[in-house]
Each structure stands twice: as C-alpha cells, then as structure tokens.
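Next up: some structures, all given as structure tokens.
Next come two complexes built around chain A: one with chain B, the other with chain C.
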Partner chain A sequence: MTAAPHAVLSSITRKAAATAVISALLLAACAVAVPGRVWSNLLLAAYYLITVGTGAAVFLALTNVCGAGWNAAFRRVPEAMTGVLPSAGIVLLAVLAARLPEYAWHHHGEHGPGTFWFKEMWLSPPFFAARAVGIVLLWTVFARTLVRNSQRQDTRPEPSGRPVNTAVSAVFLAVFAMTISAAGVDWIMALEPMWFSTIWGVYQFSGLITAALAVMIIACIVLRQRGPLRGVFRDDHLHDLGRLLIGFSCFWMYIWFSQYMLIWYSNIPEETAYFIRRTHGPWGPIVLSSIVLNWLVPFFVLLPRSCKRSERVMLKVAVVVLLGRWVDLYVMIFPPVVGDMPVFGIPEAATILCAGSLSVLLFLRAFLSSETVPRNDPYLSESLQYHA
Partner chain B sequence: MSDADAPLRPPLITGDKSLSDITRDICVPMERKPTGLWWAAFLVSAAALTVGVAAVWYQLVTGIGTWGLNRTVGWGFDITNFVFWVGIGHAGTLISAVLFLFRQKWRTAVNRSAEAMTLFAVMCAGIFPLIHMGRTWLAYWTLPYPNTRGPLWVNFRSPLLWDVFAISTYLLISAVFWYVGLIPDLATVRDRSQPGLRRRVTSILSLGWDGSARTWHRYETVYMLLAGLATPLVFSVHTIVSMDFATSVIPGWHTTIFPPYFVAGAIFSGLAMVLTLMLIARRVMHLEDYVTLTHIERMSLLMLSMGCIVGFAYGTEFFMAAYSGNPYEQFVFKNRALGPLSGAYWTMVTCNVVVPQLLWFRSVRRSLPLVFMIAILVNVGMWFERFVIIVTSLHRDFLPSSWAHYIPTSIEIATFVGSFGLFFTCFLIFCRIAPAIAIAEVKGAAGLKKRPAMRRVDAQSSAVAPGTVAAETAKPAGVS
Partner chain C sequence: MSHRLLLATFEHEDDLIGATTAARRTGLRIVDVFTPYAVHGLERAMGLRPSRLTWVCFVCGMTGALGMLWFEHWTASISWPVNVGGKPWNSLPSDIPVAFEAAVLLAGFGSVFALFGVSRLFPGKTARTVAPRTTDDRFVLVIDETDAAFDADRVREMLEGFDVVETEERVITDRTWFRQRRLSS
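Up next is the complex of A and B:
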C-alpha cells in the first residue's frame, strides 16, 4: 500500500526539495545583508509551522475526546501534519536563543522593579528559555504519543476503540490551553513588553486552529487528486472540514473584534498603543487585509453548501486563509521589529518558500511512513459511509 | 443513528422501546393527573414566587432605595442575579442549536426541557434590569422609535442598550425555536387526546400538522435555519453582557478575555442547571430510559470542559494583572483573593474549578448523587462568580476614602428568591402542558427497527419522521 503513494507523490517531493534548496541559499544571503529582518521572518515562519503542527494535534485531540467517527478515513493527514513539530520547534528555539537578551525586561527606574517585579522575573532569560524548551517538548511529545497510539492500531487492533488516546487527548488539551497562552505571551506579546491583553492566548488559539484546518483541507484535496486518498476522502468529509473552517474563521473574527473593540472603547493609553501603531499609517491597510483574508472571504464564499463540497473552491479558500494567517502574524510580529513601514521583499519571499517547501517535505515523509488509512480503526466504516 | 454507526456507540435510549412505547412514555406523565410530589413542588415554587411578587411590588412603590447599594457599589445583587439568570439560559440554546449543528444526537433527550429552561431563565433575568431602571413603567424608553420626547433618544454607544437588543432577540428566537420544535409533538398530543380543551388547543398550536413527507421536509429546513440563526446568539448574548463591564475602565471589569470567558461561564452554569433539573425530572417522570447515564455522562463532560475554561480564565486574569505591572490591576486581584470579600472568591474557585475536577473520573460521572451535588455546587459557584466580578471590583475604589461595603437587604434577597419561584413555577407548568422530551426527534435519532407495533403508531400519531416509518433505518430528524 505504501509503494504506490511514493511514486505519485515523488514529483511533489522533487519540486519541494529544489525550492527548499534555492530559497535556503537566498535566505542565507539575506541573513548576511539584513540579519534583523531575517530574524523576524524566521520567528514568524517557525511560529507559523509549529502552530500548524500543534493545531493538527489539537484537531486530533478534540475529535478524540468528542468520540468523533467521521474523520477516521483521513486521520492520517492531521497525524502527518504533526511531523513538522520537532524541526519547527528546533528552529524556533534557535531563533529565540539568538535574541534571548532582548526579550528580557529590565526596570530602569530609581526605585527598583516595584510593581514590575513579576514581569522582570517572568521574562528573565533562564526562565524564558526553560519555558520555551518545555513548551516545544510538551507539544512534540503529546503529538508523537497521539500519532503513535493511533498507528499502533494498524498492527494491533484494539476492538475497544481508542480509550488510551482519549485520555491522552484530554490531558493534552488542558496542557495545550496553558502552553499556547504562555507561548503567545512569551514569543510574540513580549516583543512589546509594556502591552498586555488577557484574550491573547485565545486569539493565538483561534488563528492556530483555522490555519491547521486550512492546511488539512489542502493536503486532503491534493492527496485525493494524486491517488492515496482517492475513494477514501469523500465530499462529505470536505463538507465538514469546510463547516469547521467557516466556524473557526468566525471564531477568529469574534476574538479579534472582542480584543480590538474593548481596547478601542476603553481608550486606555497603555493598551491602545498596540492598535495605534497598527491602524494608523501604512500598517492600516494590512490589518484590514488580514480581516478580509481570515474572515470575510472564507465566510461569504463558504456559506453555500455547494462551495463547501467543491474541491476547487475549498482549495482556493484554504490558500486564502493560510495567506491570512501569515498576514495576521506579520502584523503581530513585524511592527515592533521593523518599525512604522511595512516591508516585503526577498527575505520575506525566501522565508515563505523555504518554510513552505520544507514543511511539504516533512509532511510527505511522515505521511508515507505509515498506512495511509487507519484500517483497523473501529470508526473507519462509519467514516467511509458517512453523509454530511 | 444509522446502520453505518460504529458498534461502539452506546444506544441513545434503553429498554428496547418501540415507537409507540416512546410516545406513551413521554405523553403519559403529562396526561394523567398531577402527582402529590408535583403539587408539593408547585406550592413551594408558587410560595417563593409570591414572596418575590410582594418584594417587587414594595420596590416599585417605594423605590430602589430599598436596596443595599451605595455610591461606591452601584451594582450588587440586581446585576449579579441578572447575569446569573441570563447565563442559566445559555445551555438551552447550546444544546438545541450548537449541538444540533454538531450532530450530537444525544441532545434530543434534553433539548426540549433545556430550551424551556432558557425561556424561563431569560424571563427571570429580565426582572432585575427592569426594576433597576427605577421607573419601570418607562421601560419602553429603551426602544429606539420615533417619539415626541424631544432630545430623549437611546444611546447606541452604550452596552446597556446593546443588552436590550441582544436579550430581546435572544428571547424571541429561543421562543420561536422552542415552538417550532414542539409542533410535531403537539400534533402527537392532539392525535392522542380525547375531544376537549387539550385537543382544541393542540389542534390550533400544531398548525394543521399532517406528518406528510413534504411537511417534514419543510419543517427540517426551517429547523436547520433556526439552529443556524440561534448559534451566533449563544455567543452574542453573553458577549454583550460581558461588555457591560469590559468596556469600562474599572480594573477587574475591563479585560479583553471577558467575551469568551463569559460565554463559557454561561454555558457552564446553564449545563449545571440542566443537569440539576433533568436528574430530578427523569426520576419523577420515569424517563430513565430516555435520559440515560450516557446522557448524564456527556453533560458532565461538557460541564467539566467548561469548568476548565472558566478556571483557565481566572488564572489568565491573575497572571495578566501580575504581568501588566499595573498597580491598580494588581490591587484588585489581591483584594479579591485576600480582601474582605475573599470568602466569595474562594467559594467561587472551589465550586467552579476544584469540585468539577472530580468529573475526570468515570465513576463520578456515572454516580447520580455525586453529579447532582457537583451541579448544585456549580450553580452556587457561578452565582458567586458574578458577585465577585461585580462587587469586589467596585467596593474598593481608586480613592480609599470612598471605599464601602455592600450588604444585600432583605428586599433584594426576597426578589432573588422570587426569581427562583418564577423559574420553577414555569418549569413545573411546562412539564404538565408540553412533552418534556422531543418525541419526534428521539424517534428519529434512536434508530429503531420496524416492529409489529408500528402499524398502531401510524394510526395513532402522524408525527413520526418519514425516515423512521418509511425506511428500515431511521434518519435523524432535522439533519440535512
């Protein structure tokens, strides 16, 4: 069963490998010329990929705890998506290590840290670094465990279903809620150390799960077109993934708006600084485009039932959402690093191509390393006959 | 449940029921004379309601100076109770609309009573802001319509006005959704009843339901659309209630996590109330085969997850207060945990975060007395949560000279007791006049095979989903 997919996917592999090599060389050249910009690009790319991988694990965990059966047929796709985790995590840790001293917060007043003692302690380099390593480790270990337990069914069927994975999933979801909040605060919010917002962790989650669903949709469609999931991944599955995408896209908008509106309404200077920087001047249109890409397009395009069942439409919308995720992260990360003028040039393009092609390679390697369908899953027949 | 469902799935109803058994089991408690237990419960509720009516009358005549509010604590019991009751309503819409869209078939056993509960809870909630207006008879001034009051016009920038719109929309859509869901069952009651008042009323209310395939088709389309419309309401209502606080600049009130945190809290408290009521109702009305341990377990799991989200939000608020370095934020949270009202705070944490963790254990989730006790404690905890948010954030102002304490008066307590009276009185009447479980939906979702008893059902009731009667396998009612 694994020989055939190898053959049909080899052209993708070759193209991705070539793109990865060329863009990596380009990026290396940029790193010499503009190291600051390459650093923020690498932070964005590594965070993007690690959250997509973790998002896939969250999808697996959520469907496990809900006792869902519909997704069994294509479960190997989100499982393979977690293959990006250790590599993206290592890159992320390297990127953070390069700027570790800058993340630290020091009080420069006359009277010692005062009410800022907690911030100083929280962002102190050893604690910051230990947390980053811990978060990456936890995500990787939990994702690995979920995938390994599921793949073990291929050789050792468990008629009782997936009780072990259900328990692991429940614990993972609890751990994930705390770690994604800490990750969001540490790696992104701390770029502007005076600013804070309690909804930040939920906001990070909303973007993460939307992007993970978009990648899942693209991967499932391509794998169906190329063969491995032909006859397995059905329009009904696509329909449900489309429903989830439109739902979580609305959730992202809801969280984005809640944060913006409450800060705008209360108008407290220490909070509005974040949005003034991003909505006044040249960053304004980019913030608006993030809303168009992340919510307006998926919401209106995916409302009709026929669009959620159309490969062509879903593929395009998923690409738009992935673009939107990049713009969303770009607006979070770049203003404090590059200043008042948005930039887009060779470093950005090279990073996107490099990260994209490498993640395709990692995904395919993970996908081809196991059976493409979990054939002993007790929910498989339910999933194959399922009507949306 | 279709044939394709995995064999692992537990049955939705137990006791090997035929379709006619379902109709009979659900209709009989409603058709026979009320039991002594019902009368006892009704009398207690009605007594509480009477206390409430007397208290409200006294407040209307005397004014809201009868409350314990002062210049520092301008919101106390009134708004706490308002948010508490609005929250209770949320589980109804969650179960009826959101779980419908997620095709959670087990919802069919509890959606009817949960929706009824929503309506009654929102009614209870409405009492408090109405009285709080002071001149309740001018409540219609909150509606923006062309009038002759000169410059008197509603302030569209005020979240309190958004509340008026959000909650009245919520009440309206919930009522329509509940009624539409009732139509096929009202037809069943109509077909079962003897000529008389019950028959006349159900004939009118069931809108000439004939159970034809075309009727079902249209009905399912309407139900689906209403579920789609009601889903955003689950979020919008409590989001806007949270904005009553979060749009201010008061530490403890102004925090961006409030919208999703309030929604999760509302669903949490609503599920606790649904569990409380259903555990009693299934016992009293002998519905153990319909509201099974599986149902109780699933609702417990939902309650556990909501409790974890709420606990996570409490933690986030504390973390961010410390991280922000803002001395006022830090003071408010220190004051919550260690100040004069710390008892309320720790009651909230214990009931909402610590106790529900017991539900991680399957044996606890399947123990009815334990689930009942946890649900009651969550109800208590969620009331205290609103009290903590509202009163502890206010009572120690920016200026220590204006610090004050808040103690509710007997009138406020009596009004709160009265709201419980209203809620339970309405619920008890509901159990007598409408099927407490959605008969048609349960039949559609239960996946029963054709049995000899079917012919009798056909004659008896026109309200069986065509999928269940015509085909060998049942099709879930309302799933497109």
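Up next is the complex of A and C:
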C-alpha cells in the first residue's frame, strides 16, 4: 500500500530535496556574513515548525478527548505532521544554546533595573536551558506516543489504541497548556526581558493551532490531488477543517486585540514599549498586514459554505494564514534583534525555503512510513460516511 | 384543492436518506421529511437549497458592528466628547469590544427571529406532526401522490428496498404543508 503513493509523491520529494540543499548552502553563506539575522531567522523557523508539529498533536489530542470520529479518515496527516518535532526541536535547542550567554536578560540580571529574585532565578541560564530541553522532550514524547498508539492498530485488529490514547491525550493537553506558556515566554517574550504580557501563552496557542490547521488543510488537499487520500478525504472533512480554521482565526484576532487593547488602555510605559516599537514607523504596516492575513482574509473569504468546501479557495486561504503566521512571528521576534528597520532579504528567503522544504521531506517520510489510512480504526467507517 | 400523500415510515436514518435520494432521483415530489432529530445529509438528499439564514445572520452582525461603531463615535466624540485618560476623542480600540458584542447580539437575535418568522413558529403554537413517533424513534418521508411521476407499484417496490416499516395514504387539504419547501431542481 505504501509503494503506490510513494511514486506519485516522488516528484515533490525531489523538488523539496533540491530546494533544501540550495537554500541550506545559501543560509550557510549568510551565517558567515550576517550571523545576527540568521540567528533570529533560525529561531523563527524552528519555533514555527515546532509549534506546527505540536499543534498537530494538540489537534489529535483534542479530537481524542472529545471522542471525535469525523477525522479518522485523514488522521494520518496530523500524525505525520508531528514527524517534524524531533528535528525542529533539536534546531531550536541549538539556536537557543548559540545565543544563551547573549540573551538580553543575561546582561541586566544581578540586581539590574526591573529584576527581582524570581525573574533572576527563572531566567538563569541553567534553568532556562533545562526548561527548553524539558519542553521539547515532553512535546516530542507525547506526540510520538499518540502516533505510535494509533498506528499500532494497523497491525492489531482490536480497537485497543483509542482508550489508551484518550487518557494520554488528556494528560498531554494539561501538560501542553503549561508548557506552551513557558515556551512562548522563554523563547520569544524573553527577547525583551523588561516587557511582559499575561495573555502571552494564549496568544502563542492561538497562532499555533491556526497554523497547524492551515498546514493540515494544505497537506490533505495535496495528498487528495496526488492520490493517497483520493476517495478518503472528502469535501465534508474539508468543510469542517475550514470551520475550525475560520473559528481559530477569529480566536487569534480576539486574543491579539485583547492584548493590544488592555495595554493601549492602561497606557503604562513598561507595557506599551512593545507596541510603540511595533506600531510606529515602518513596523506599523507590517503589524496591520499580519491582521489582514491572519484574520481579515480568512474570516471574510471562508464565511460562505461553498468556499469552505472548495479545494481551490481553501488552499489559497491556508497559504495566506501560513504567511500570516510568519509575519506574526516576524513582528514578535525581529524588532528586538534587528531594531527599528524591518529587513527582508536573502537570509529570510533562504530560511523560509530551507525550513519549508525540510519540513515537507520530514512530513512525507512520516506519512509514507505507515498505512495512509487507519484501516482498523473503529471510527473509520463513521468518518468515511461523514456529513458536515 | 386536496392532495393525496404517501407517508412512508422508516426505522433507521440510513434507510430514510436512501429512500429520499431514490425518490428524488425518480422524479417524485417530496413534500417533507419528519425526523426526531437533525439528520445530517438529509437536506442534500431532499434537494433543499442552501439556507438563506446565514445571510440574515451576516447582515444583522454587520449592522450591529457598524451601527454600534457609529453610535460610539457619535456619543463619545461628536455629541458629548468625554476625556478618558487623555485619549483622543475618536479612539477606535475602545469602541471595538462594544461593537463586537453588538454584532454578536444582533446576529444571534436576528437569526433566531428570522428562523421563527420563516417557519412561522411562535410560543403556544400547536405542534403539527404526521405521526407522534417522529418525535421519538421513527422517520417519515412524505411523497406527493398527485404528482405525475407517481407510480404506486414502483414507489412501493422502491420503498421496500429501504426496509420501509409502514406506509399510509392520507388526503391533506391544508395548504401550509406545501408552503415552505424550497426545493431546487
């Protein structure tokens, strides 16, 4: 069963491999010329990919604890999306390790302005590094467990995987809720250690799940066009993924605005510093474009039912959302690193191409390593006959 | 004008959807289908056109959002400008939450009342069911017998194929039966 789709997808694999090699060489050249920019690009790419992979695991866990059956037909897609986790996690840890002594908070610790014992303890390099390793390990191990239990059903006919996975999912969701907050605060918010936002964890989650859904939509559509999911992934599944995408896109906007409005309203200098830097000058239009890409476009385009059931429209909207996720992270990460002038050039393009093509390779390898449809899943027939 | 109707009762929703699809394919006129709960896919089997309720919802929501934005702007910066924390008169961020709530409120109420209006529902209305068990565990497909495409033997044979448990003929004079079906061709 795995041989046939392999042939159909091999052209994608070849192109992705070629792109990965060329862009990696380009990126290596950039790393010599502009190491600072390459570092922030790699942080963005690694965080992007690890959150997409973890977002897929969160989707699996959410549907498991809900007892959902509609997604069984294309469940191998989110499962394969978690294949990016160990690699993205390793890159992320390397990126953090490379700059650990230089993270801005390190220099104004030791009773500097705005620090107190908890912050000093929390941002001390050993604890910071231990947390990063722990978070990456937890996400990878939980995602692996969910996928392994599900794929074990392929060889064992009895439906034993689901109850075990439901329990694992419940634990994972609780662990994830805490670790995503810690991860967002550690890896992104700590770039500006004097600034803080208590909604940051929810904000990170909203972007994570929206991007994961967009990747899932693109992967399902491409795999249906190319064969493996033909006759399996139906318009009704696409319709429901579209509903989730428009819903979580609104959720992202809600959380984004909640953070912005409270800071704007209270107008406390230590809080407003973040937005003053990002809404004045050339960063302003980029913040606006992030809102357009992440909310305005998906919201108005996906409102009609026919658009949510259209491959063509959904593919475009999902690409727009993925672009929006990049701009969103760009606005979070780049201002403290590159300053008041936004940059986009060869390092950014090379990183996007390299990370994108590598994740396509990792996804396809994971997808083709198992049955493309969970044929012993007790919910499969329900999913195949599903009406949205 | 009276109508002769055929009421076919089923035990399972799969049979109902199959029979409805078959009836539509053979050109029979489906008057209505009664089910104890919302059966997914039935609207497609019946050939119902997509609901217009979503447009009501959208227009009401936009009216709520834009109307409230204008109202907040008018009250806070035109009619009686109020200085709140030294912010400009026409501060958009402070208007968004109320505009959002107004959009949700109007979209919600608009949809519900539009639904009540279109389906002529009101408090105290007498329930009209073809058979009491459609509120419990039975599914009833109602076919127009007066229709030219109706051939009693063939229809009965088709229904048997979907394990019909009971068929009944009924003459209906109440025209409201036919009023609300927006069947597409």
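Quick note on the criterion: the second predicted complex is superposed on the first by the 373 of 388 C-alpha atoms of A that agree within 3 Å, B and C clash if a C-alpha of one lies under 4 Å from a C-alpha of the other, contacts with A are read in each partner's own complex, and residues count from 1 in each chain.
Simple rule for what comes next: a contact is a pair of C-beta atoms (placed from the backbone, for glycine too) under 8 Å apart; a residue touches a chain by one contact, two chains touch by 3 or more.
Only a predicted model underlies this, so the values are computations on that prediction, with no experimental measurement involved.
K.L.:
Kindly say whether there is room for both chain B and chain C on chain A in the superposition, answering fit or clash.
P.N.:
Aligned through their shared chain, the two binders clash on chain A.
K.L.:
Thinking of the overlay built on chain A, is A:T272 touched by chain B (first), by chain C (second), by both, or by neither?
P.N.:
It touches nothing on chain B or chain C.
K.L.:
Counting only touches as set out at the top, which of chain B and chain C does A:V202 meet: first, second, both, neither?
P.N.:
First partner only.
K.L.:
Contacts for A:A174 in the overlay, against chain B (first) and chain C (second): which applies, first, second, both or neither?
P.N.:
In the superposition, A:A174 touches chain B alone.
K.L.:
Identify which of chain B and chain C touches the larger number of residues of chain A.
P.N.:
With both complexes superposed on chain A, more residues of chain A are touched by B.
K.L.:
Output check: A:S124 vs chain B and chain C. Expected answer is one of first, second, both, neither. What do you get?
P.N.:
In the superposed model, A:S124 contacts neither chain B nor chain C.
K.L.:
When the two structures are overlaid on chain A, which partner does A:N376 contact: first (chain B), second (chain C), both, or neither?
P.N.:
neither
K.L.:
After superposition on the shared chain, which partner residues are touched by A:T145: those of chain B (first), chain C (second), both, or neither?
P.N.:
Neither partner.
K.L.:
Which one of 58-66, 202-210 or 364-372 is the stretch of chain B that crashes into chain C?
P.N.:
So the stretch of chain B that bumps into chain C is 202-210.
K.L.:
Do chain B and chain C land on any of the same chain A residues, and which?
P.N.:
261, 265, 386-387
K.L.:
State the interface residues of chain C toward chain A in the complex, per the touch definition above.
P.N.:
40-41, 44, 50, 54, 58, 85, 93-94, 96-97
K.L.:
Please name which positions on chain A make contact with chain C in the complex.
P.N.:
Its residues touching chain C are 257, 260-261, 264-265, 267, 303-305, 386-388.
K.L.:
Please give the residue numbers of chain A that touch chain B in the complex, ascending.
P.N.:
Answer in residue numbers: 65, 67, 69, 114-116, 118-119, 122, 160-161, 170, 174, 177-178, 181, 185, 196-202, 243, 254-255, 258-259, 261-263, 265-266, 268, 270, 378-379, 381-382, 385-387.
K.L.:
Which of the residues in chain B come into contact with chain A in the complex?
P.N.:
2, 4-9, 101, 235, 239, 243, 246-249, 254-260, 301, 308-309, 312-313, 315-317, 320, 322-327, 330, 360
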